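Two complexes follow with chain A in common, the first pairing it with chain B and the second with chain C.
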Partner chain A sequence: MIHLENVVKTYKVARRGTGTRETLRAFFRRDYTEIRALDGLSFDIPDGEIVGLLGPNGAGKSTAIKILSGILYPDSGTVECNGFVPYKDRMRYTREIGVVFGQRTQLFWDVPVGDSYALLKDIYDIPDDVFNENLEEMTALLRLEKLLTTPARQLSLGQRMRCELAASLLHSPKILFLDEPTIGLDAASKLAVRKFVRDVNERRQTTVILTTHDMQDVEALSERVMMIGKGKLLLNGTLSDIRREGESLDESLVEFYRQIELDNREEEEDLS
Partner chain B sequence: MKKYFSFFRLRLAMGLQYRTAAIAGLVTQFFWGFMLIGAYRAFYESNPSAFPMSFQAMVSYIWLQQAFLAVFITWRYDEDIFTMITDGGISYELARPVDLYGMWYAKNLAMRLSEAMLRFAPVLLLAMVLPHPFRLGRPASAAHFFLFLLTMVVGLLLTVAFLMIIYGLAMKTISPTGVRLFFPAIVEFMSGQIIPIPFFPEKLRKIAELLPFAGMQNVPLRIYSGDLSGTPMVTAVVLQFFWLLVFLGIGKLLLSSAEKRAVVQGG
Partner chain C sequence: MKRHSFRLYRHYVALNIRSSMQYKSSFMFTILGQTIATVSTLLSLIFIFQRFPVIKGFTLNDVILCAGIVQLQFSIAEMWARGFDRFAVTVRRAEFDRILLRPRNHVLQVLGSQFELSRIGRLIQGIIMIVYGVIKAQVNWTFLKGLTLFNMIVCGTLLFSGLHMIRAGLCFFTLQGLEFMNIFTDGFREHGKYPLSIYGDKFLLICTIVIPYTLTQYYPLLYLIGKRTDWWLPWSPLPSLLFLIPCWLIWRIGVRHYQSAGS
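Right, the complex of A and B next:
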């Protein structure tokens, strides 16, 4: 059970104009602007669901995931996941979650993937039998046999993502956070990732929270869709709330953003 | 505790796989030591009475310094840590049930030990068979040798504790550039890495001996040859332990406060 109430998170950004004069001025006086990444975000997610977090770039999706996974402290608001306050009980809470950030790697760059897994075993204190069982299952589902002995730096992006997914599940987490897990992957790898996530959710009742810009991910995976924009929850429903007759999902989504004034033109005006 | 030992083991294995780097380092350190001794010999011959250490102690200082360079060197950082602070990779570190301080400390310790393990023996062996003025002498006594080993270990712990403060500051300022430019020169000089502390002018020497940095390499390197002995040696060892505790405390506080205000850059 995940519960978020009125969560606010702001970042301070030092802004300056371009050019020598502006740069020199900024050397002596800095203008800070506050950006509200989350502006009173509230939602609940029951156990065992797959939820897709949607929203344009900069909407606050990643910030929400980072607060939910205990990485960032919110400025205010209530966060509770499985009875823990993630950022306060970080050491105990993180045993129950798995994370994959599509744009980063959790594998050790210079050593074979298997070594990274062995380290994760010790980090999470995974008992031998659980570890072996999970590793066997992951190896079969994600076809990892050959990859286990390959150094992480020599994996292709698709191979690496398969290894990342396995790494995040070795300790049988109850919640899995996937932040853009299909970014940059080819069609076959995307299909493999989607199938795997669905399998894991069905077999283990793992709650999955997913952010993505790929509407096909959402279509294939999530029963529930939450739209975040400007740090607030704008929609809590299903894809059918967004889908429009005779349009692709992407087109429908853009239209949806437009209706709630979230499209990019608006964002550019904000920046000027 | 087990997980920190695992970090240590993995990092150790990683360091040991770079054989070419080890050989290159070995050659550099050997010639560097040879050159330094040559230079000091020229000074010594022009006026032995102005030399603040015995020549033999000086030779031991240099060979031990070169052999254990990876243990002592102050500006050897873990680049991975700086990278993850700059590009946001720190997310993964925080999303796991590990204490940031313990994990980074173990990694740095292992990195230094793995480098030192591949390098120290050949340098020492060569230094022991060199002809007379260049040869590495025996330790002053069994007690001095034991204290040399002990203070070298404490020196290593102290150096890593200092690096942890640097990482903490980098995390607070979100960029390692500032701290990396500011500290190394002073610390390197004050630890006795560039010239041994006895060569400092009197007043500066007295200050340097009280500072934490002397404990990083000046103390063990001088105890071996007996250049540091008796009461001054006891004082130096006590100070070394004192500063170790202080640095551990500062680093730990700094990191846990930085953790609370963590900023993950790059989306």
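Right, the complex of A and C next:
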């Protein structure tokens, strides 16, 4: 059970003009602007659900994931995940979650993937039997046999993502965060990732929280979508709330953003 | 729990060593470069002492022993605290997020993230200089002198590690490498070749109360080479460990700042 109530998070961002003169000036006197990444975000996610977090770039999705996974403190509001306050009970809470960042790796770059897994076993203190069972299951589901002996740097992006997914599940987490897990993957790898996430959710009742810009990911995986814009929850429903007749999902989504004034033109005006 | 932490640390080190073995030629060249640098250090000492046989009461052999000890302290710290030394990169690549996502102590994970085996070149040369200095300076070996040397190496290594930790803690605010911090690490390795008293009393005082270099170098060295015999000198490196408290606090403040400010 994940419970978020009225969560606010602001960043201070140094503002400066362009050009040498302005840069020099900014060196001595900085103007800060506050950016509200989350502006009173509230939602609940029951156990075992797959939820897609949607929203344009800069909407606050990553901030939400970082607060839910305990990386950041909120300025105010309540956060509770499976009975833990993520940023307070870090040591115990992180045992219950797995996190995959599509753009970054958690594997040691120069050693075989299997060696990184062995390190994770020690980091999470995973008992032998649990570790072996999980590794076997992941190897079968993600076809990792050959990859386990390959150094991470020699893997293709798709192969690496399969290895990342396995890495984040070795300690049997109850919640899995996937931040753009299919970014840059080819069609076959995308399908493999989606199928795997569905399988894991069914087999283990793992709660999955997914952020993505790929509407097909959402279509294939989540019963529920939550739309975040300007740090607020704009929609808590299903894809059918967004989908419009005779349009692709992407087109429908853009139209949806436009209706709630979230399209890029608006955002650019905000920035100027 | 403690035992597990130690096992985990060993595991990290083993993985790091295996990683660096992937790049054998880079490894060999690094060691070669360090050897040349150390030999030139030695030569510069020898040249200076050809003109002045004694500097403020210290002979060439005393200084070689001193330089060897500082070299050893510095290189062990560089080897095992490399994760703090290179922390700016970790922060900028947002790899610190991953550290926060794991149920382990931050410090242990940062130490484990890097282990610079290639510093073994400098380390061995430090040992050679110490052995040479000990033999040539005719140190009358006693248990207490052995203890003095041991305390100097352990506390000096931790002092350098603490300085790396301060730099890492400040990285959370600047997101940049802080080159000026090198004054305190590389700078001391260079100037610390000589017993710090040769730079004058004021400098000696600053290097005792601001950053306690003298406690891991000058004072115990006096005992080692038999210039003074006060009972407390073998233990003089130990108070320098207090310096680790502010280092740790700065690190803690940095981590807090990171978590509240975002990356």
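FYI, the second predicted complex is superposed on the first by the 272 of 272 C-alpha atoms of A that agree within 3 Å, B and C clash if a C-alpha of one lies under 4 Å from a C-alpha of the other, contacts with A are read in each partner's own complex, and residues count from 1 in each chain.
Quick note on the criterion: a contact is a pair of C-beta atoms (placed from the backbone, for glycine too) under 8 Å apart; a residue touches a chain by one contact, two chains touch by 3 or more.
Owing to the predicted nature of the structure, the values given are computational and were not obtained by experimental measurement.
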Simultaneous placement of chain C and chain B on chain A, clash or fit: clash
Touched partner set for A:Ile71, first chain B, second chain C, both or neither: both
Which superposed partner A:Ala37 touches (first chain B, second chain C, both, neither): second
Which of chain B and chain C A:Tyr11 touches, first, second, both or neither: both
Partner chain in contact with A:Arg204 - chain B first, chain C second, else both or neither: neither
Touched partner set for A:Tyr124, first chain B, second chain C, both or neither: both
Partner chain(s) touched by A:His213 [first = chain B, second = chain C, both, neither]: neither
Common ground on chain A, meaning residues reached by chain C in one complex and by chain B in the other: 11, 66, 69-73, 90-92, 94-95, 97, 99, 101, 104, 106, 108, 110-111, 115, 118-119, 122-125
Complex interface listing, chain A residues touching chain B: 11, 62, 66, 69-73, 90-92, 94-95, 97, 99, 101, 103-106, 108, 110-111, 115, 118-119, 122-125
For the chain C and chain A complex, residues of the former touching the latter: 4, 7-8, 11-12, 15, 18-20, 22-23, 93-95, 97-98, 100-104, 259-263
Complex contacts: residues of chain A adjacent to chain C: 9, 11-12, 37, 63, 66, 69-73, 87, 90-92, 94-95, 97, 99, 101, 104, 106, 108-111, 115-116, 118-119, 122-125, 151
Touch list for chain B against partner chain A, complex: 2-3, 5-7, 10, 13-14, 17, 87-89, 91-92, 94-99, 260-264, 266-267
